[in-house]
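Letters are used for the chains, namely A, B and C, taken in the order the chains are written, and counting of residues starts over at 1 for each.
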Amino acid sequence: MFKTESILQRHAFKTLALALMAAGAVSAQAQEVRVMCYQDGVECDVTAELAKKFEAQNPGVKIVVDTVPYKTIVEQLPVQLAAGQGPDIARVTDLGGLSKFYMDISPNLKDRKYFDTQFGTTAAWLSPAAGDKGIYGFMSQLTMTGPYVNKTLFDQAKVALPGPKATWDDWVAAANKVAKATQTKAAMAWDRSGHRFAGPAISNGAAIFDAKGDLVVDTGYKNTINKFVGWHKDGTMLKEVWAGSGGSTYADSIGEFINGNVVMVLSGSWQINRLQKDIGTKFDWEAVPNPCGAAACTGIPGGAAWVALKTSKSPKETAAFLSFMAAEANYADFIAKTNNIPAHAGLAKKGVNYTSAQPAAKAALGVFSGGVANLSPVAYKFQGYKYNRAIMLPTVSRVTQALVGELSVDEAVNKLNADMQDAVKQAQK
Amino acid sequence: MRFLAFFFNLLEPVFALSQKWLGQSRLAWLFVGPNLLVFGLFTFLPIVINVFYATSAGVALMPADRPFSGLENFQTLFECRDYFDFQTCRKDVFWRAIGNTLQFSVIQVTLMVLFSLLTALVLNRKIIGRGFWRGVFFYPVLLSPVVVALIWKWLLKSQGVFNAALVAMDHPPIEWLTDSHWAFFWTIFVSIWAHMGFYTLILLAGLQAIPKDVYEAALMDKASPWRTLTRITLPLLMPNLIVVLVLAMIRAVQVFDEVFVLTGGGPGSATTFIVQFIYQTGFAEQIHLYGLAAAASLALAVGLIVLTLLQLKLTRAKDAGQKVR
Amino acid sequence: MLLKFLTRTRHAQRLGWTDALSYAYLVVGLFTLFAPVLWLLMSSFKTESAIGEFPPTFLPYTQRTVQVDNYPQPLPLFHVTLDDGQVKPMAQVSRIGIMATMVDPEHPQETVQVKLLQRQPVRELKFAFNNYTELFGKFAFGTYLFNSVFITVVATVLTLLFNSMAAFALSKYKFTGQKTVFLLIIATLMIPPTIVLVPIFLVINSVGLLNSLWGVILPAVATPTGVFLLRQYMLTIPDELLEAARMDHASEWRIYWRIVLPLSAPALAVLAIFSVMWRWNDFLLPLIVLSKSEFFTLQLALNSFQGELNTQWHYLLAMTVITLLPVTLVFAFLQRYITTGIASAGVK
């Protein structure tokens, strides 16, 4: 036994020594820019293509695109950054929470006015402090939360789609009728996310912020929770999505939608590419405008942003690559290939030619883009608030406890409040 | 072999020289040295750092950025309006997790030991292909917890094999993983499934070490099978049983990987165990409450030590009692 | 009677009903323990659509497709029971809700509306090997394999070395602080690694081993179980051997290397197997230490399939089978050492 081990060891040692030396030699020559990327569709693959283009134009710079699961961005990246480690660029969604790690690239930009004009409206989301004029990156996409419906099932049940001003109750009633007629498992499902939940909550009249600008769980929010729990109890909602996990782990409902287990889901515009790829011609699907509540018919804007990070060891090259990706032609290419809504002001006005989008995807993009006008100002504020996780995460965990019967809705709301206050207090220390 | 000899020759003068300086008995420190160094740096030091985290507040990662807060984190953990109703506790999920963990440990360890013992007794008989059967029962131990959980998650999903079998038998499908009682059952089942083989082997080794003449003497005394089992086999197996009990209990209290992948702690907090609570508090949420997580982990460590000592005391008492008879 | 079977040990004269019971128990155990893995293996050969089917089948079947004139893509084939009772093979153009538009391959001009319940898919046995081959193209499989192998082999060697040295010192010497050291090492069994994750990350970061394979290898080398196992075994080595060697002026290192280590071979083998198993399956430590993709291990890559796109079960299953293989092979070769090893080292 020792014989075989030693032979293996000997060879492995030799090959490794060579490999390490080789690796060391290569990396010493080129300036490296590391990009940590996650994708819902093909965002990282497209970025890798753009990276090759950039490398061709800029010899001596190497761009490495690491595709990681979303979980890594959410859980591992903040820890690394806090320890002083990390990539040069990352595609992040917790825009406010990570802002203290962003690097200002404006000193290295040739034309900062371009950024100000084209990405100005969303720049505030990336600022570490109010009024900060630095440029820390740009939105890789503009997303909006909103529902998708299985049109085929509606047709089969001979139920008409409710109109653009229909309320959540109208939609629930319609979807229930469809589910019963077509023997679908459940009428509706929402992504297991406080971010998704906020849309209907705000539509229902939740103000999210009190007069001082702090987070508050008001009657509107409570009523939405009540309704949501009720819909689980009467079988409207698919139990697996929210009840299938514990804590505040994210789970999407799109998988169930694609498998035909649910008539309608509340998700977002970033799923368009995936829907197109995975549903194909199995059934007809449509994006519909956000249903209304007492106060609004809103979703929540958002998106993932490319940000430059303070841990970068090659700030000039980082700024150069970000500028390259933000350039109109390249950005348009990215948007078209990933079927996303552009955050670029010019492109939003001009429109993008979605070459790979089939009719269903094109229509969905149209619905979401059109819905931007209906976004409530509370939704914008919510998205830009630094500590919005403090209300989003406890919502998921406590509401789940309510709908599996561990807590009553009142208890859940109280605990939600307590968790939220605790989190904000600790975050501000 | 040549490489090994080279390595040996390289270190011999080092040790020989040290032996001259330190003397034979103190040379032992040099042998223990590398292990102790790694252990000190990567196991002991983190525990000390953990204590610092437990006594500091805020969400910063670097200890230097954390304000000292004394016992505030422990206060948060243990703050309850009514100590008999954990719903009123500030960190009710923490207490729920402890309750779940205790329930899980007691049930799982009991069943695990029983099944391991049963299997070991069966494997101890003269059966054909004993090596093969041993392999079969030990096999799941080699699988990583993630793989184990994925296999079972996939079998138990609402459109998986188990429900297919139910439907074929005209029974409505059961929500195996979204019903709190079933989910709890499956966490126990899956962890026994994955680890039973390890304990079976320990007990089997113990059984095989019992000399045959003991049994022959018992037969000659016309002892009944029950007597043989309780008066001879079990007492002689006691050392191994103690090892199994203690190890199983420690592992049960620390359960995390399989359950986290299988149920995510759900539904609600039905299968949230203490290590998951700590992981969630410190890592998973984007507002990292490192201090609270560290405080909870220290509480867990203390609890585990107490539990193990208790276990050892109880089993040693039983052991001594048996010997007297 | 039941107890008789439980307590009987070696001598079986004829096959009685108690033996039958024992074999029954073993067979049930075999089924419970192997069936899930077998299911996994079989399903890893199914195509993506076949995996999502309900009710699922054991063997990998896929639907036969047929090329029909006027239609560019091959269409899936079904046996359709028409209203007049005839059963005809027809190809499906599209499916909407509970109605399917189907066409007779021999008369491609006309389409017929058929209810879903009237049709049965025509299936054939097909092993989707492309699940495996596509994996290799999907990402840098070779690199991840190398990383996993490197970490496992080097870590095992270091573990064997360090732990045996420590066990040697703790079993064959008497020195002050010996008991404390031993107790400390054992006490760390009480701390689940998950809990000290953040501090371990900080320590690894400060010694500069982040994003390095050594950052995964070194921290877990000082295993308490290994030290415990080896110490128990070395205690059984008679001291006279060592005394005799000392009288021949052998140095302590020589005694360790030439006498104690070879005699501890069974226990070393057991530790080696465990170490291979732990390191190959290790997930949490690589997760926090490695964030640059060229250093990822196979287990990390496996996790990435699970997290983001839950629907890619076919790749996930194939990947799971692949990560299972090395451990299975190691086990198959060395399983006899395990029982002899545990037998001698486990009993106090």
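One rule holds for everything that comes next: contacts are C-beta pairs under 8 Å (C-beta built on N, C-alpha and C of every residue); 3 or more make two chains touch, one makes a residue touch a chain.
All of these numbers come straight from a predicted model, not from anything done at the bench.
A comparison of the A-B and B-C interfaces places the larger number of contacting C-beta pairs at B-C. Taking the mean of each chain's C-alpha atoms as its centre, the chain lying closest to the overall protein C-alpha centroid is C. Centroid to centroid, with C-alpha atoms defining each point, chain A and chain C lie 33 Å apart.
Inter-chain spacing, taken between the CA centroids of chain A and chain B, is 37 Å.
For this pair, chain B with chain C, the centres built from the Cα atoms lie 19 Å apart.
With touch defined as above, residues shared between interfaces to two or more other chains in chain B number as follows: 61-62, 159, 283.
Each of the following residues of chain C touches two or more other chains: 52, 198, 202, 303. Residue positions 9, 79, 83-84, 259 of chain A are each in touch with at least two other chains.
By the touch rule above, chain B contacts chain C in their complex via residues 8, 11-12, 14-16, 19, 24-29, 31-36, 38-39, 41-47, 49-50, 53, 61-63, 118-119, 121-122, 124-127, 131, 133-147, 150-152, 154-155, 159-161, 163-164, 167-168, 193, 197, 201-202, 204-210, 212, 215, 224-226, 228-229, 233, 239-240, 243, 250, 254, 256-257, 261, 275, 278-279, 282-283, 290, 293-294, 297, 300-301, 304-305, 308. Listed in rising order, the residues of chain C touching chain B in the complex are 3-12, 19, 22-23, 25-26, 29-30, 32-34, 36-37, 39-40, 43, 52, 54-56, 161-163, 165-166, 168-170, 173-175, 178, 181, 184-185, 187-192, 194-200, 202-204, 207, 218-222, 227, 251-254, 256-257, 277, 280-281, 283-284, 299, 302-303, 306, 313, 316-317, 320, 323-324, 327-328, 331-332, 335-336, 338-339, 342-344, 346-348.
Remark: chain A residues 2-3, 6, 9-10, 74-75, 78-79, 82-84, 94, 97, 239-240, 243-249, 259, 387, 389-390, 393, 397, 400-401, 403-407, 411, 415, 418, 422-423, 426-427, 429 touch chain B in the complex. Listed in rising order, the residues of chain B touching chain A in the complex are 1-4, 57-62, 67, 76, 87, 90, 92-93, 158-159, 175, 177-178, 180, 263-272, 276, 280, 283-289, 291. Here chain C touches chain A in the complex through residues 52, 94-99, 149-150, 153-154, 157, 198, 201-202, 205, 210-211, 265, 269, 272, 287-288, 291-293, 303-304, 307-311, going by the rule given at the top.
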